[in-house]
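Input: structures, listed below.
Next come two complexes, and both contain subunit A; in the first it sits with subunit B, in the second with subunit C.
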Partner chain A sequence: MRPLTEEETKILFEKLAKYIGENIKLLIDRPDGTYCFRLHKERVYYVAEDIMRRAANVCRENLISFGVCFGKFTKTRKFRLHITALDYLAPYAKFKIWVKPSAEQSFLYGNHVMKSGLGRITDNTPKYQGVVVYSMADVPLGFGVAAKSTSECRKTDPMSIISFHQADVGEYLRNEDSLT
Partner chain B sequence: MAVKAAAIIENLRNEEQEKLKSTFVEKGIDLDLDIGNLLASDSNPFDINSFRSGKDAFLKSLARDNAQVLFNEIWKLPVERIQDSVIAKLPSPETTLPREKPIPKLRPPTKWEEYAKLKGIKNRKKGRMVWDDASKSWKPRWGYQRAKDDTKEWVLEVPKNADPNEDQFAKKMKEKKERVAKNELHRLRNIARRSGKKVPGVGATMTAGNGKNPTPTELESTFHLAKKSTASLGRFEGLLKNEKPQKNRGKKRKFQPLMTSEKDQQLKILGQMYKKAPQVNVEKAAKREIRQSQSGNVKAKKGGKKGGKSKVSKRKEKR
Partner chain C sequence: MLVLFRNPILQSHPLGLEAVHQRIKDVTTVLSDLRKRGDPTRKRMEYMDVLKKDLCTYYSYNEFLLTKFIEMFPLSELIAFLESNEVSRPITIRTNSLKTKRRDLAQALITRGVNLDPLGKWTKVGLVVYDSPVPVGATPEYLAGHYMIQGASSFLPVMALAPQAGERILDMCAAPGGKTTYIAQLMKNSGLIFVNDVNKARLKSVVGNLHRMGISNTVVSNYDGRSFPAIMGNFSRVLLDAPCSGTGVIAKDPSVKTNKDETDIAHCSHMQKELILAAIDSCNALATNGGYIVYCTCSVMVEENEEVVNYALRKRNVKLVETGLEFGVEGFHRYRQYRFHPSMKLTRRFYPHTHNMDGFYVAKLKKFSNQIPKPDLDDEMESDEGIGSESGPFSDNEITKDTSGEKPLIASKKRPNDDGAEEIPKKKTKQAANKKKSDSSKSDKGTKISMQKLKKYQKRKKKPGAIVRPLTGLSEKKRNINAYLAKKTDNKKPSQPKSKPKRKATPGDETTPTKPVQTKPKPKNRSVRKDKAHGKTKKSTKSRKNEKQLKE
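Entry: the complex of A and B
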């Protein structure tokens, strides 16, 4: 376990900014306590400071998880968000996509969101913007990347992809053994 | 006749009584005893029936009997009494036990030992003391107060073709020091040879007679090491002709301590991120532009002179 280097922090923030913009500040600067990002086994954990202090006593090999895993650094030092970060990113999401109940299951099996399954979309969503995918009942389902901007969405045919799949809550079952 | 019979009966009775003694144990096959190790091994066949009928009792009695045999044997040894305790001197153990640790390896011969064996040079013992003619006494061959001490000479002959101003005493001291250094180097080299590993410190491996020629990478790293080995850590060393910059200098990993509050630093990074690239939502801006121009047109139509003029109308005015 160690703090992120400046470079790693930048990579992480750039990724988070795609979904929540400058709301990252609210994650760092919280009124209810000190929270920090810590790197452990190439995974970034968002953790309260007192829990981090306790976890520091556990030896590296035995420490499986602490706090919430936000994602991991790949071997090429890119940051990949994990679904576990959803609870912290969804409230601050700037751009959202709502999927119809009929398309919910398809998304939860790891498929992209089609135009036919699109319920609502935030206005002025640019192309390739990171979005949080919600069900029509406002339950966050996962992350995606907008394949089309809002205005383009209106014109496209129903089978075209609106949002590329990034992560979904179905992973809690599918990748049960690798999520931490 | 009657007397004989009585004696035989007496004998038999004695034997019976002997057997009835609590210390007597009857065994089909005698135990193998190793008194030195306090070891008794029982090779009698195992009575499986009585074992099954009562395991604990059977094992207990068997153990007791065998221990009794061992103790009987110990009591036959010469015994002495020291401060209320009876002590028997055990014989040396017969059973050989395996070693705990592997047999230590022989030290491989040094370079000189190899050479001496090849040439058949034998190390002859010399006596420690030698007769010193000058003082007419026995003195050590070497060391403190040695015989024929050449360091204590007060005058030295200048060799025939030597520089007359050269300090012969200093020269002698220097030669001695060099011999000591050479010996030390050979000692270290022998240790290195023995370990079979590469010797730490690149400089040490570069000496001649290492067996192998240094590889280009070794040469290069030695060169860079030598360049850095100045008082200023090579800061003022000029570049040589055809010198290549050092590859793989190795960046030292340096992380912040675990228990730090990096909030300020992270906020700074955030600030830099947003300062660097002002986020422009192109679509939003374009829409606003369109809306403004549309509303401008409407105003121009409505207000005439007062409203913002559209580009088209401006062009018309110029003409």
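Entry: the complex of A and C
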């Protein structure tokens, strides 16, 4: 376990900013204690400072997880967000997509969101903007990247992709092993 | 022939299953009123033998397990118990109060066509699912972490533990994390939960569940639970869901019926005794409204439940307190040859046939002093023998011989505080132990451990599910090394390139834990200074060599 380096922090925050914009500072300046990012086995954990200190009691090999895992650094030093970060992305998300109940299941199996399954979309969503995907009952289901801007969405045909799939809560069942 | 006709139920021909079932019924009716209905020439024992054999064939148990059950339950209850082991328990789910409310969840599931009801008056978060057109473990609500599939019996130990917000809690054997997530939701995601399990593969599901349920106050570690006070102590509450033979969950795993025998039970019991002591030791009696340990198993065996708790009562400063569960059968305080502490009534047993949940046992202990009581001479001998004989089954004969010598050593390592007190009875009783004893006492006196020993210790500690025992002199050693490294880095800043090879080239570090620097005085004594000088010359030669190599 170690703090992130300057470069890693930059990569991580750039990624997070795609989804929650300047709300990142709400993650760091929290009223209920200090929170920090820690790197452990190439994974980034977001954790309260006192819990982090306790986790230091466990040696590296036996520490499986602590706090909330945000994602991992790939071998090419890119950052990949995991579905486990959804709890912190969803409340602060700037742009959202709601999918119809009929398309929920398809999204949870790892498919892209089609125009036919699109329930609602935040106004003025730019193209290639990170979006959080919700069900119509306002349950966060995952996140992705907008394939089309809001204005483009209106015109396209029903089978075109609106949002590229990145992560969905179905992964808790599909690849539980790779979450940590 | 006459005998056969007169007493058709005691014939010992092989019969079809139907006939066996009929005979079980007949024999039980006879046994319920032997004097009137029985054959005066037959004894009760004969009837019992026939019944036992028939039950073994009809319900396919091995004889050992069935004998245990016969000893535990009266006849009418026994049949009910065996019958209820054949039908599976209803699926129950627990609402995640961090994310939703039970009413909203029930509404959402009903719209998916799930037929459910509240579980009972005793819980506000439980729902029981009767039938469902969709898999309950894969609905979007499940994936979003609104509920967890969990047996009704698993609610009970957490309710008994009654965790409070902001506390520090240890869950020793956590996988797959159902109880852990319940603890977290009762604490409203505050404080700290230390989650541990010995099995690394099973911890994957723990991590998945924790993240799915949106829990952020946990540390997940992979150690043997017995190493716990050594890794971290001072918990306000500890939940120990001990590994057990699983005789309470036969409905879930019918293989228990045939593959458990006396050695398995003894093995479990021994492990549980070690774990419960570890659990008690890692709990802090002085914590504000804390100091509670909850021990639970999914077994109904007395050897794994009351006996283990009784052992803990004898060995540590703990007492039994009310579990706070309003139903359940009282624990046995006297059972066949056992005589337990009368407060054993405060523990709770749950049976599949009476409560329609898995067979379960819950005991809540309160630790009232952090001191470890000095064991009495008789008590110590007795319990040592007990452990020795129990450890017998899973070790070879040769090893069992050794255990008399090894066990006390481990025990003394585990509790370094009362080393002295423990040694006295052992020296008297076990001569074989003397040698090892003297070794350990030497190391205690010196409190210096070699670098080799430290490295070995650290290597062992890194293995998945490792047992870590406290090492005397470890903290001092670490302090010395840290001080040494700190000074070294201070010293090395001007001359950077040499620092790395030197670090590896000086295994003599262990003798010179503090390497004084010119700017910082206070060398402890002359020998240290000499060592330092020695080390320096060594280093300088080494560095010269390095330079030479570089040139080449």
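The working rule: the second predicted complex is superposed on the first by the 180 of 180 C-alpha atoms of A that agree within 3 Å, B and C clash if a C-alpha of one lies under 4 Å from a C-alpha of the other, contacts with A are read in each partner's own complex, and residues count from 1 in each chain.
Operating definition for what follows: a residue touches a chain if its C-beta (ideal position, glycine included) is under 8 Å from a C-beta of that chain, and two chains touch if they have at least 3 such contacts.
Since the structure is predicted, the reported quantities are computational estimates derived from the model, not experimental observations.
Student: Just subunit B (first), just subunit C (second), both, or neither: which does A:Val169 touch?
Tutor: In the superposition, A:Val169 touches subunit C alone.
Student: Considering only the touch criterion stated at the top, classify A:Met1 as touching first (subunit B), second (subunit C), both, or neither.
Tutor: A:Met1: touches subunit B, not subunit C.
Student: Applying the document's definition of touch, where does A:Ser149 land relative to subunit B and subunit C: first, second, both, or neither?
Tutor: first
Student: Of the two partner chains, subunit B (first) and subunit C (second), which one does A:Thr9 touch, if any: first, second, both, or neither?
Tutor: After superposition on chain A, A:Thr9 lies in contact with subunit B alone.
Student: Touching A:Thr34, do we find subunit B (first), subunit C (second), both, or neither?
Tutor: first
Student: Which partner, subunit B or subunit C, is in contact with more residues of subunit A?
Tutor: Of subunit B and subunit C, the partner in contact with more residues of subunit A is C.
Student: After the superposition on A, what does A:Ile24 contact: first (subunit B), second (subunit C), both or neither?
Tutor: first
Student: Tell me, which parts of subunit C touch subunit A in their complex?
Tutor: For subunit C paired with subunit A, touching residues are 108, 137-138, 140-141, 143-146, 168, 192, 194, 200, 203-208, 210-212, 214, 216-223, 231-232, 458, 461-464, 466.
Student: So in the complex, the part of subunit A that touches subunit B is made up of which residues?
Tutor: Subunit A reaches subunit B through residues 1-6, 9-10, 13-14, 17, 21-22, 24-25, 28-29, 34, 36-38, 49, 52-53, 56, 124, 126, 149-151.
Student: Which residues of subunit B touch subunit A once you look at their complex with the stated criterion?
Tutor: Going by the criterion above, the answer is residues 255-263, 265-267, 269-270, 273-274, 279, 281-284, 287.
Student: Contact residues on subunit A for subunit C in the complex?
Tutor: 46-48, 50-51, 54-55, 57-69, 83-84, 87, 104-105, 108, 135, 137, 139-141, 169-170, 172-173, 176-177, 179-180
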